[in-house]
């Protein structure tokens, strides 16, 4: 019975993908319905699985088969592991994916033939993500890790007519694969040294003893490079802002809740291995802080609504990494869950706004009377407040948990506070511009949408808003930390009061500064960027660093190789030898001078030489 | 020194001198004449080697026929008053060197090998014995030599006939 | 210098060497022909010398020399006829001008 | 005694060729059908051979032996074991799809298909035979028709490429010729039968060292080993579609197969001694091929250089001399064969439709030919080793084997994978995505028949990617046996 | 009885006399009857020598030995004469009135070569060699009235005269040391002769005459000029038949009398290496087809020497196998040449453009023969080379094998140039498709099939040859 449930969880999106891909043209229209129903089926079965196994915390359910026999004593297997961490992620992934697909029905309504392709890719992505989450060994995670990268490549480049979209998809795929390089090497090293890649084996105490300290650090850091690539940590985060070229529901699903969270999940999954080496924990902490700071600062100056949310995701992921680095993986996972809800909510809402105003720029939305979209603005407010960490919303609880985890690291604690200040600053900047700075809505033409489409648009928004509220409370002691207990039994979730006070204080401070800037002085977006702002404009020169330095250097080297191949290897070695044999031939024919006496001279010389040798 | 040796020395000196003259004179006609002299000397040596018939044959065929044919050819070819190409020294030096090298190796070979002298005393040099061999062991070469001569003459005729066709 | 085998062999060796010299040096076709005759005669001296001093059956060498003389005659006639054809073609029998076929 | 299945596979193309020679020149359709039937039978027969083959039994199966010239140690001896059953299957599939793909050919059809079948006979022969004489004979039979096929039906600077290719490959085979004879007489084997040589003769180390490197470079020339790879990009680009499919798909595997079957089998100690050298060459292959591929402006050149890079992975797998490495190499040979065949099939169609392969002239084709672009993208993804497609398991196995013995090569392979991703994705972007080039309005997508031809290849890629056991079960026992027996 | 022993030679003499009589007939009867009559006579000789294959015996006071070896070579020589005669119907470079003499000299040359193969006595050998050379000296300048052929004629004659003079000199040395000219007797005296260097010198000088006919390295200089200067049919004759005779004699001499001192073998190795490399390298840049085939025949002489230098029964068998396949390959190449050359001037490589369109059969024959010359499987050339090089390798001459194989790759280059011209060349305007008469068609099919059969299934032929090579 469990096996059947697992297969439905894991297999249903794949079936949806195959059915849509093989659908004849006439039936392309039912693609959305197909993919939504199957993702919902997967969500239901995971729920059912949880209900049937309440005591899931203690006895994880695992099943596996051998997939690849490398040689007599080395084999890789394929399997599924169901324990509290997996189930939590399964809920998050399938739920968010379900809401996004419902929303996409409305968003992609006027896409026509591309719609079936869109939904096929979406179900492919959900299949890959679910399997990644449910897998029981590192190799299978790596396999679906790359498939997820592929799905994000296909979806970012969905509107392949736009050169900028294809450019962004290429960048995303190459950068993530650069990260996966480390992960790939880690998988190879671990197979070499441990032979068995199951998570249970990896994190077992005897495995950690058998590996030398240096090897554990090396392997964990290599895995971390993979995580950096996928979860857009500091040096490899450059692809996420460009990934906004894709349709907004895609960003909502992939670039806020699921894919980017995969890195955090992987670290959490192998937490025993990671925590075994203090150096890697330190590096995770440092990189997490850097990412959080960079993300938050860059988000403050963006005018494109999706870019703001992208940078905010980067900074929140940085926060999660800081929590993991600091030693409490339940804080990280709890923030991941809450973040999944309110960030996907924010993205979907901004999608609704873009869909309505046909522009990404918040200032233009303001001119076009963004105030008129009451429901969307309300929902954005809910999401924004929970992002900023205001009291009753989900963000507040999980952020404070992280602050509490960072308690004993003063420097990183201060950095976290600074980041949450910037977070609340750009959230309220967004809200004030959209709400208070918007002109009175001129009588815009009321293009009425069919009731179904509006429902598809609003239902996910509302449910996600409610979700982001409930999830927050589940962590508090009111519901005696049901969610926290669910994540890790021994976590004592009470928060110290003064920490809550400082958190809220910082958030209010951010609100005040934003109010001062945008309502009081009504500053317009500055034209010329000066000083620190220019640095921000140039995204800390990171993009240039990659494009100009690495890209140019590698391409220059391969240009040299290409020249070397054409001229030296091909030109000199091959044509050269051919030319010299021909020259030798021409030389030999010179000997054939046509003079009989020259011939005979050679004949007699050689004849007497031979006689001489024969005699000697 | 017996009379035999004396004659041998005189004959060989004359032959060699004539041979040198045959290949060194600028005018071809002189070469032809010195060739005839040299062949005469060789006939003498044949005589010394106790095969008189061959000496006579040498005189008749070589001197009488081939040398004369050569002189005929010289008459047909460009008259000797036309300017003779002056001597090309590098070529001469080169050929002297090669022939000297050739002779040196031959000399080395000849002098080092122990020649087994024949033991049989009754040496029958007579013409009857020669005839018996020519029609005994060498019947086939004897026939074939006639075909060769026939072919050579036919070829010469052909070359001559080419003259009209050519004009 | 006693009249022994070595003497004759050396004599024919020098004759052959002179023939070779003539062959390589003469610029006139007929000159070359003459030097060929010389080499052939050197060989016949060789044969006769061996016939007298070494060969058990004295008639062998003589028969061979007889055949050689026949051969030489055939060769000479043929060579002379071709030389005359060449002379008609390029009005000179200088070997160095007969080098159109080369390369 | 079952009828000689191997000889009948070998005879299929020969009979086809003879039939074609007698069909009149004008009835082109009949010629195409004959070659299709013949290659179809060869596919059918190789499938029979495949499922009759029992992997656990490591010894030779379906042996056929006819003594040809016994006193010269030459006898016609075919046999199948784990190494070549996969290759025979690969060849039959590639020729079958190759014939389908060149269905629209109209210039001198008779000679084209006759030469194509002659080429395949050579390839089949090499994969089946266990006698060095016939190995060499079929090896050259496989190379020579290449010249005419490329020189007459080829495209960019075809004559130069054809000549370079033929002379290069034959020069490589010249070394093999000398070494085979040396094995026969110098080492006193007095037979060309591979197995009897192995049992009868123990070669002295000095001879082994020279012989191994001679064979490795001789076969390596065909396998596109680094300094001798120069002919393969030009050859692929100039060759017509079916020929470059066969060539990159199968002929390059001939070289690698030769190294394993003859060089590694007979001279294991020398293989060990030379392993570091060959591994560095292979690493050079991988990185060099990938990096140069990024610079190419012609779609076919990109694939040509990618073949060089992927063959580097095969050579690296061989030089690790571990069971995993060898399994990875054999798997990569099979999967790369199918992948390149698919690549060239797609590019062939693009060239027929748009008459150009340069990136700056192409663009936005996905809009007009969606099915073909999907096939191309699938081939590209296999190239960059995406899990779920057959490229991944082989690269994984080779990486694991390489990391243990040559860590630098292992890292280089991983970096190579990233560079491959870059040039594959850029190629897809430049050729298929972006705005549609205006003068390609008229191009039409592949019809059902062509779809079927390429579909088989895609099916193989996916099946092997998802379920690699199918191929590895074949290969595992023989490689373990080979390496155990050798060292 | 003895006459049946001497059957092939008798028939050759009959042919010679018939052709001689033709000289005196009128112009148009000659034009009408000469060619068919020569075909019939050629065929009869071939059949006669086929029937006399099993003869054995010694005639002419055992100076003339008839055994399997000599009889099979007579069959080969008769066959190649017949083939040469078949392609001499239209000879643009020989004017009509010279035709009877042309056939006469051909037959006398073949007669002489037949005698060469079974001569058991050195002087008979030499005289037969002279007869063969003399008839060839006349054939070369026969070409229609251009100066070049006279020049090539005189070069061939003088070079030949020098070579035969040296041979004669060598013979005198052998006569001097062995006191006898019968090869069998010398063979019996061989053990004590070997330590005398003079015998080695004599033997080498004797082989000079035959290396000259084989066109091996130092004695090859005449080949390019003569091949280019002579008429196509004459060149074909010199390239095929005289080479076969030279090989036969060399095999017999080396088999029986070879001073197996390693200096002699290293001399042969040197000659083989040099002629192979020089032949192939020089041929690469040739434009004139006949001159290219001349250089390629020098290279083939190098391969034959590679077989000879092994001085082992397998080596000799390989040489005989290779010379047979060489005859067929070279003959079919010259046949295509003869058909291509309409006018008298030599066919250049560019005359072959678009041959595949003009006449596919001739193009195919050219392709098969040139590829077989280059040693590409599955043709006879490859199998021949395989046997040659395996014999050489058996005696440890790995350098000869390596250089030989690299040379055959180089040779492939210039053969491919011709094939490229034939198959890829676009002939502008409506190409006058060559009308190929039945006879050529038949011979082409025969040549192609025999080359492929000898390549793929050489067993019966090799067995027959091995039996034959035993003296």
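Going in written order, the chains are labelled A, B, C, D and E, and every chain counts its residues from 1.
Rule of thumb we're sticking to: contacts are C-beta pairs under 8 Å (C-beta built on N, C-alpha and C of every residue); 3 or more make two chains touch, one makes a residue touch a chain.
Everything quoted here is computed from the prediction, not taken from an experiment.
Any chain touching chain A that also touches chain B appears here: C, E.
The chains that touch chain B as well as chain C are A, E.
In terms of the distance between Cα centroids, chain A is separated most widely from B.
Between C-E and B-E, more C-beta contact pairs are found at C-E. Once CA atoms are averaged chain by chain and compared with the all-protein CA average, the nearest chain turns out to be D. With centres taken as mean Cα positions, chain C sits 98 Å from chain A.
In terms of their C-alpha centroids, the spacing between chain D and chain E amounts to 43 Å. Annotation: 79 Å between the Cα-based centres of chain A and chain E.
Inter-chain centre distance (chain C to chain D, centres taken as mean C-alpha positions): 66 Å. Multi-chain contact residues of chain D, defined as those touching 2 or more other chains: 167. Shown for chain B are the residues that touch two or more other chains, namely 91, 94-95, 98-99, 102, 106, 109-110, 112, 115-116, 118, 137-138, 141, 145, 148, 151-152, 155, 159, 162, 166. In chain E, the residues touching two or more other chains are 123, 127, 130, 134, 137-138, 141, 154-155, 158, 162, 176, 179, 197, 201, 224-225, 286. Of all possible chain pairings, those that touch are A-B, A-C, A-D, A-E, B-C, B-E, C-E, D-E. Every residue of chain C that touches chain E in the complex is listed here, in rising order: 16, 19, 23, 29, 32, 36, 39-40, 42-43, 46-47, 49-50, 54-56, 60-61, 63-64, 67-68, 71, 74-75, 78-79, 82-83, 85-86, 89-90, 98-103.
Those residues of chain A that touch chain E in the shared complex are 581-582, 584-586, 588-589, 592, 594, 596, 598-600, 602-603, 606-607, 610-611, 613-616. Of all the residues in chain E, the ones that touch chain C in their complex are 123, 127, 130, 134, 137-138, 141, 147-148, 150-155, 157-158, 161-162, 165, 168-169, 171-173, 175-176, 179, 181, 224-225, 228-229, 286, 291. Residues 597, 601, 604-605, 607-608, 611-612, 615 of chain A are the ones touching chain B in the complex. Against chain A, the residues of chain B that register as touching in their complex are 91, 94-95, 98-99, 101-102, 105-106, 108-109, 112.
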